[in-house]
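Each in structure tokens, the structures are laid out below.
After this come two complexes, each holding subunit A, first together with subunit B and then together with subunit C.
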Partner chain A sequence: MRLTQGCFSFLPDLTDEQISRQIQYCLDKGWAVNLEYTDDPHPRNTYWEMWGLPMFDIRDAKAIMSELAECRRIHDDCYIRLSAFDATHTWESLRISFIVQRPRDEPGFMLTRAEAAGRTLRYETRAYVVQKPEGARYGNSG
Partner chain B sequence: MDTPNPNITDEAQTVRGKARYKSGVLEYRKMGYWEPDYEPKTTDVIALFRITPQDGVDPVEAAAAVAGESSTATWTVVWTDRLTACEKYRAKAYRVDPVPNAPGQYFAYIAYDLALFEPGSIANLTASIIGNVFGFKPLKALRLEDMRLPVAYVKTFDGPATGIVVERERLDKFGRPLLGATVKPKLGLSGRNYGRVVYEALKGGLDFTKDDENINSQPFMHWRDRFLYCMEAVNKAQAATGEVKGTYLNVTAGTMEDMYERAAFAHELGSSIIMIDLVIGYTAIQSMSKWARRHDMILHLHRAGHGTYTRHKTHGVSFRVISKWMRLAGVDHIHAGTVVGKLEGDPLTTRGFYDILREDYNETRYEHGIFFDQDWAGTRKVMPVASGGIHAGQMHQLLHHLGEDVVLQFGGGTIGHPQGIAAGAMANRVALEAMILARNEGRDYLAEGPQILNDAARHCLPLRQALDTWGEVSFNYASTDTPDFVPTAMPAY
Partner chain C sequence: MPETMTDAPALGETVDLRAAFDGAGIGEVLAGLERDLVGLRPVKARIREIAALLLVERVRQGCGLATEAPTLHMSFTGNPGTGKTTVALRMASILKALGFVRQGQLVSVTRDDLVGQYIGHTAPKTKEILKKAIGGVLFIDEAYYLYRPDNERDYGQEAIEILLQVMENQREDLVVILAGYADRMEDFFTLNPGFRSRIAHHIDFPDYADDELLAISESMLARQHYRLSPEAGAVMARYIARRRAQPYFANARSIRNALDRARLRQANRLMAAPQPIPKAALTIIEPADLLASRVFAAPAADGSD
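So, the complex of A and B:
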């Protein structure tokens, strides 16, 4: 399966040049670009690991691309997402978020159903990979 | 910027003292309901009415009558006024302007003291402002065009249960419009068949599916059956995509007790969102908003019935006013027009609705139908929903007219796809993502829209098929609810 979180997952994976243009868009808006990675792709896993702090003071797309390259080198078997924070009053949250690296294989999720009262079912979504320990879920580098 | 027409400058004729309370009938303008020198206080509620007086009725007297009948007046003088601080409680018409290019119609500005209104009650606000006056005989027609709600009053409402920002955080979806579809046919599907449409649409790439306004609990599908099958579809699609999905479960019913029961079942099944119809009434909407807030649910409002009183320009209530009331009442989603689809929606007027729902502060923009500055004082924002006759081939126009914080709902434009519902959903999602990518890259996406879509269709056959099926479909009819002020034609006063 292909994890479709983020705002460009239905397009072919973005090239570095395309990512760089999206970063420039964020910088032009005055947003802080942020990189995060994870090997737990559950749709409600909110807190991916932070690759340092949001880059509040880096206003150069090239510098952010080199951070991304370093993050990819260390975490080559993880999902990496790029997002941007807008600190404007009454927004104060993310303005964009998209995946910039995904593992070579994405085994997807198991949906379990536990029969409850009446015809009600209790659902649980579980990524197949989380049966392995964190850091050893995709590829060989863990 | 001022309105381009000179005001009517009739002097005040208010009768004061003992003569004011002599038994009998007195013109409204003499009773204190026409005060052209009145300066509205920052705490006043201001209403702007379009009045069409009967032939021979003076517009100022008509405006004074509207002020009177929407506040303290009755048809004759009553001595009991003198037991109250009646001058404070009288609404005051303070300005009357002829409507540009509309003989016989006038804009009347009326100010109401804050003391007239119960805090946090749309029912009370509307019982005053639109309670009696719309059937008033001396008027041929009356329309409530806009309102200025003072911050002091805005702060008495909780506002949206969730709001745009928190909804996006809960859904983990940022940087693009959300995508939805209304299940079709809207009547007749069994619960099992209905859930099939939900599953295919969500798996294919939509974020939400939606019950239609008249799907409640009919013989062909009991509400519990629908909820159970829909949640199977939502959970299955979520596991298939790794993405948060939802379906608006319509809890509209005949009584509040039934609605609470349905909402509680939706909550128990793990739904993130419920839905109500505008026809349930303002108090029921506020009750459901408080319920939604207590249960961490997003509240979707379908504006069923609004066209009966919002569409025609001379009589009724403008949808911009309904938008303000619904932001106060506390819904998270509201249908607010598509511009390009099958339902009424002039582009500039629709922009005005969207601004009211989403901005922190609305600046006066006559050309969008916005007559007042409106400070929302931090009230959460409402996500507008664009639904009705839209398709993937219009994606550049939709993004241009409606912006990023909107739910684009393609019902027929998903379910009617020649290769099936999932293919239709994928076509919409690919078209949207391609357009956002191009916009962010600084391309002139409105002019290059068809090219951007054709390029995206090269790696997405379902989009190619959608463009081939609907690419040329448009709904070009003249709008009835249009602005009265055109910026280019405005002389400088």
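So, the complex of A and C:
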């Protein structure tokens, strides 16, 4: 099951050329670009591991593409997302976030139903991969 | 575009270099250089030459003639205060106008920004700076401090190696400008032949002549809405001649410092005035503001004062 979250998630995965142009757009707006990765795809897992600090003071997308290449090399079977933070007063929040790498194989989520008091149904989604320990969830890497 | 690079493209038509020149907005930058910077004849001439080379290179590319990314790394040598940083800033906009760097920012660093303090600290630090400079110009002031021949374990060597690698492999991503005093840069290049061979343009910044420094001081003051009274102008000319003979003379920088102190004295003089002063007095530097300088305290080298 293909994970969809963030911008462009219903489009085919962006090519490097397209990612690079998105990054340049963010940099031209003066936003700080940040890379994060995880192997826990649950939609409520908002805290992904940071790939270094957010990249402040960078002017050209190529510098960030080289960081992305390095992150992909080390975490070649994780989700990687790219986000950009706008520090402008009153914004002070993320302006864009999208997935720039996904594992080759995405098993998806299990939906469990538990009957609670009064025949209420409680739903739970759980990623199949989280049964394995962190770092061993996708392929043999990570 | 030709199908194969071995076929020379049709060269029957004419190319309008002038139009390309105006189209790139390069004329404005060069005119600004001419207008804003006093003196520096040889430097301006070299920059014009480089700009012409880059423009022709661009046009050749447009015609489908064989080109390869030109080496644009430069070295600026000259005494302190001769405008190296200012020109580097202009250079960044010229390169941007011609499309040889993508963003055109100038990242100005010294040894401290590149070299770390312990093992393993240098490479990340240098790479961090390089990332900031990608798409623009990296200006390394007093570059010879990177290399300390007396200490073979100095971390500067590591920064040099990373720089050399990037200067070679990422020529289209950033332009490195090394700057410093002429004689020490010469030693530096002798000890690091890798740098010399990767730098295409060596530009030497001459010292300013006395009348140029006077013009500089006038334009510095004009930018801050001050001016020299006619008598103060004459005093300033004498000041420049005497200051030059003293140690630690740093061309335009010495002039700027002298003017800062003159503004201080002017403010003091105005505060001491017993009655309200005309508004115009706020903008005028009088001879007294300059004559109080310690430069006039020492006897003149040639005994003229």
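Here is the rule we use: the second predicted complex is superposed on the first by the 140 of 142 C-alpha atoms of A that agree within 3 Å, B and C clash if a C-alpha of one lies under 4 Å from a C-alpha of the other, contacts with A are read in each partner's own complex, and residues count from 1 in each chain.
The rule is short, and it goes like this: a contact is a pair of C-beta atoms (placed from the backbone, for glycine too) under 8 Å apart; a residue touches a chain by one contact, two chains touch by 3 or more.
In this text, all values refer to a predicted model and were calculated from it rather than measured experimentally.
J.: Mind checking subunit B and subunit C on superposed subunit A, clash or fit?
T.: On the shared subunit A, the partners fit.
J.: Identify the partner contact of A:P12: answer first if only subunit B is touched, second if only subunit C is, both if each is, neither if none is.
T.: first
J.: Is A:M1 touching anything from subunit B or subunit C once the two structures are fitted on A? First, second, both or neither.
T.: The answer is first: A:M1 touches subunit B but not subunit C.
J.: Once the structures are superposed on A, label A:S83 by its partner contacts, choosing first (subunit B), second (subunit C), both or neither.
T.: Only subunit B; A:S83 stays clear of subunit C.
J.: Students often get this wrong, so check: with C-alpha centres, what angle lies at subunit A between subunit B and subunit C, to the nearest 10 degrees?
T.: If I round to tens, I get 90 degrees.
J.: On the A-aligned overlay, A:I58 touches which partner chain: subunit B = first, subunit C = second, or both, or neither?
T.: Touch status of A:I58: second partner only.
J.: Between subunit B and subunit C, whom does A:Y25 touch in the aligned arrangement: first, second, both, or neither?
T.: first
J.: Identify which of subunit B and subunit C touches the larger number of residues of subunit A.
T.: B
J.: Once the shared chain is lined up, is A:E115 touching subunit B (first), subunit C (second), both, or neither of them?
T.: Neither subunit B nor subunit C is touched by A:E115.
J.: Just to confirm the geometry: in the superposition, how small does the C-alpha gap between subunit B and subunit C get, in angstrom?
T.: Minimum over all C-alpha pairs of subunit B and subunit C: 16 Å.
J.: Across the two complexes, find the residues of subunit A that touch subunit B and also touch subunit C.
T.: none
J.: Which of the residues in subunit A end up touching subunit C in this complex?
T.: Listed in rising order, the residues are 55, 57-60, 62-63, 66-67.
J.: Inside the complex, what are the residues of subunit A that reach subunit B?
T.: Residue list for subunit A touching subunit B: 1, 3-5, 7-12, 14, 18, 21-22, 25, 41-44, 46, 83, 89-98, 108-111, 119-121, 123, 125, 127.
J.: If you look only at subunit B, which of its residues touch subunit A in the complex?
T.: 165, 168-169, 172-176, 205, 228, 231-232, 235-236, 238-244, 268-270, 360, 378, 381, 426, 429-430, 433-434, 436-437, 440-442, 456, 459-460
J.: Which residues of subunit C touch subunit A in their complex?
T.: Per the touch definition, subunit C meets subunit A at residues 102-103, 105, 130-132, 134-136, 173.
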